[in-house]
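Each of the next two complexes has subunit A plus one other chain: subunit B in the first, subunit C in the second.
So, the complex of A and B:
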């Protein structure tokens, strides 16, 4: 497998471009609740605004997700990170990396940006405490020279926060 | 006064003799004379040979065999559970190719197994005649361009190909492929995979499939020899773990190290770790160096003089013993080879701790070096013997057959001798690891061990010498030698004698040297505790051989078998030609 940081620099394949155009069209008609796609002409990087769901610890807070697509999207997973400042959450590192299985091992090409966004919001909404992962400092230090979260060997925390 | 010691020995026997070798203990432990009896009886050369006649508890498999077994298991499960062979393969892979596990789980709770593995009870076909949207590329296709697993989730052929090929190139996870729909866990059968992928990917997939049968299966392992493609199927329980592959490499099935009988896996792994240079280096530095009192770099002393000059740029001159500046030293402190200041301080107990540690480190290092050198020597000696054996079979035997006018079938005794040498070098090598870990306070065991090892070793040296040097003189002659038959007798005799020595050694070590207790028991009634090495030779000579063994002492051809080493001597000889033991 090509390394994601390298593949994200590679141009999208024809299949990937077609699929992303379809996803974008679908998004415009039917955006997931709480998300806003910031329009650019870069199909390979989406910047998405997330609003914390009302009645949760993140109500009235706004964050930004950055989604980068590899050449062979959707066969390969997109790289999804929060643009710092990232939400204070036990599965989100201060550099914006997110510990969520569907972004790595459990990715399936039948998933979409929209379904990923919904999973991330549900992860935020179910949080009961605003804190960083226990190994935040060590992890972030290890990622210093621009390592992608897709190069991390994740072991996934319990689904319930 | 000995009772405590004896208790100790008895306890240790149990702990050394782990269940790995327990198969052997039962037959040995009936009475104290068992060892002597076995010894004399061994010339029968029948099924009691523990090295070569053990019933084989393993099978060597080549690629075709592996395929066959895999297919066989799949067929079996498919017919017992009345499912397709694709489904049977998925089940077997999930339960690590254990037919019985699949059976048990399935009949305990079929529904649960189906859910876990992703096998649907009924497969759903694609809706007929309609246009469908592919769940990956979101394009609309007619149904003939679509495909689905048993769940009926439709994806276009191109997307399936991309999905499967990505999985195959990601690794063996492709053997557990599921439907891409995130809400669905339906397993994807081999049929579909093979139908859709490229030739290269298909080969990769089939490779993973075959490898899985060996690697995920608790009963099989690949032979660890470099470049060897055989696998070994092992029946766990009973017998040793030693396995000899068809490539001729022998290894331990349990730990996959080179075969190490009679030493157990733990000792081997301890020893191998020990040999990894680093830990020993630390001891070496501790034993042979001290930090320079000025710059603190470790200084190594290699000559007798106590006057040390640190390396540049420091160049500090000091006394090795007291670490004081050399300028304070001279004739009055005892000259170059002693130091009064140190002696005085030692009297007061100032240096005790560090010195004691250093001494201990030094001793333990010397002890380790002793065993390591012998271990390594036998290792290289074995390598050499293997090469010699090969050369013998490829070149020398033919030449010898020519020179001595002997059919090659009559020269088998030479190959046998070399095979014995190779095997003995291996055993001997591991006995040095065994010896290293044999506790120093177990005096009786140590003595017995050293005695048996010594006997075996000198037997082997005689055999090796004979096979190497004497054989050579029969190779480099112009015509047949008159005494070739004598040479045959001698080499064959040495081979069998050496085999016996090593069988004794192996058996004793596998029993945790428990013979010590048996002997101890006999000698205690005699009121003395003179057991172990020195006396056992005599006690053997006097030891009453069972009548059966006695009567067999002279065979049909009029040879008499030496009581001590079993060598078949000619009738006229009064002294054994092998061991000089009197008839």
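So, the complex of A and C:
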């Protein structure tokens, strides 16, 4: 997705900038296993490479996450999507939107990019079938105007996967 | 007093209002005149002094800022602005110790009154940058003194080696190796002595899990977790009434200052002044 979403248009607040600089420094020293941050000078949008964990359905596959930070991060969740082609997964839509509660209603400012990445990888790893959500076609059609997943009223599938 | 003629206090208040208006229009000279007249009428109102000090501050007339603030804090020892600008004025003439003391007083008073105000943040920024400058200054002196001492010790050991070699003919190997051991030990001791002045990471237990920054005003929740006061209040207002880590219900009234962590941060900063650096 190249169009800027509503949440990422405004410049980062001082608190957000400060916190993201700290997160980036920590990431560089201690990155979560299986992830690689693609270096840019854009603090507000991180592009992260994810490697499917060995021994899971996604082993040897590589995906890209795009993380956009709102002005008042971490008081608001970042927008996290897969850059298509997104992994085939019952909670991941073909446009890259991810149905994961911590990215929306259950966000907490104590979470970090790193902890979000780990949650996403564990969601991938625990998958038992490679398929799209049942409502994929309808959902993706509804998002055609470039709507952010943060504007979706999510009905979370279940807690297990 | 004849009816219709206002009292000195009322006139002074009017003059202050005028002064504030001039200040807003950036007519500093006129504002200073108005406050000066107010002070002549009522010399015991601290706000007239701090307002005039603010004008002097804008004009970079720091000696006058200092003078007015001294009078303001004498009249009202609890004046946040008085202590704050007094601190800035003292720092201007590089009186770090006294300037920092005044800013610390302002910060304590400001937190007591309005823990979230922009003033508190501003005072903290000034205080941190003063402390950082003080550290730069002091650590440079310390580093230089240590380097000189290390050099002298090295020379002394080498002179001792020459002396020992000239006095005994046997076992020269042992004399050599014991000297090189001592030189290595010396190096280690001096590098340890310099450690506190070397910027590294602040330990996690002294940092807020939300700001990821060293604590300034830590508060503890009923779950036993500690957060930076301003950020947890912001979270409770904007995100939800729950503890960000445990997700237990949480209300602002349940937050209690964590004095132990505050002291630990104070002790850490005392030894590691570089941690005051704000980027």
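Going forward, the second predicted complex is superposed on the first by the 155 of 161 C-alpha atoms of A that agree within 3 Å, B and C clash if a C-alpha of one lies under 4 Å from a C-alpha of the other, contacts with A are read in each partner's own complex, and residues count from 1 in each chain.
Everything below uses one rule, namely that contacts are C-beta pairs under 8 Å (C-beta built on N, C-alpha and C of every residue); 3 or more make two chains touch, one makes a residue touch a chain.
Computed from a predicted structure; not experimentally measured.
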So, after the overlay on subunit A, do subunit B and subunit C clash or fit? They clash
>> Just checking: does A:110 make contact with subunit B only, subunit C only, both, or neither of them? Give me first, second, both or neither.
In response: both
So, does A:18 touch the first partner subunit B, the second partner subunit C, both, or neither? both
Practice prompt. Have a look at where A:122 lands relative to subunit B and subunit C in the superposition and call it first, second, both or neither.
Written response: neither
Going through subunit A, the residues touched by subunit B and also by subunit C turn out to be 15, 18-19, 22-23, 26, 72, 74-76, 108-110
In the complex, subunit A touches subunit B at residues 1, 15, 18-19, 22-23, 26, 72, 74-76, 102, 108-111, 115
Subunit A partner, complex, touching residues on subunit C are 209-213, 231, 234-235, 238-239, 242, 244-245, 247, 279
In the complex, subunit A touches subunit C at residues 15, 18-19, 21-23, 26, 72, 74-76, 107-110
Within the complex, subunit A is touched by subunit B residues 135-139, 153, 155, 158-159, 162-163, 166, 169-170, 180-182
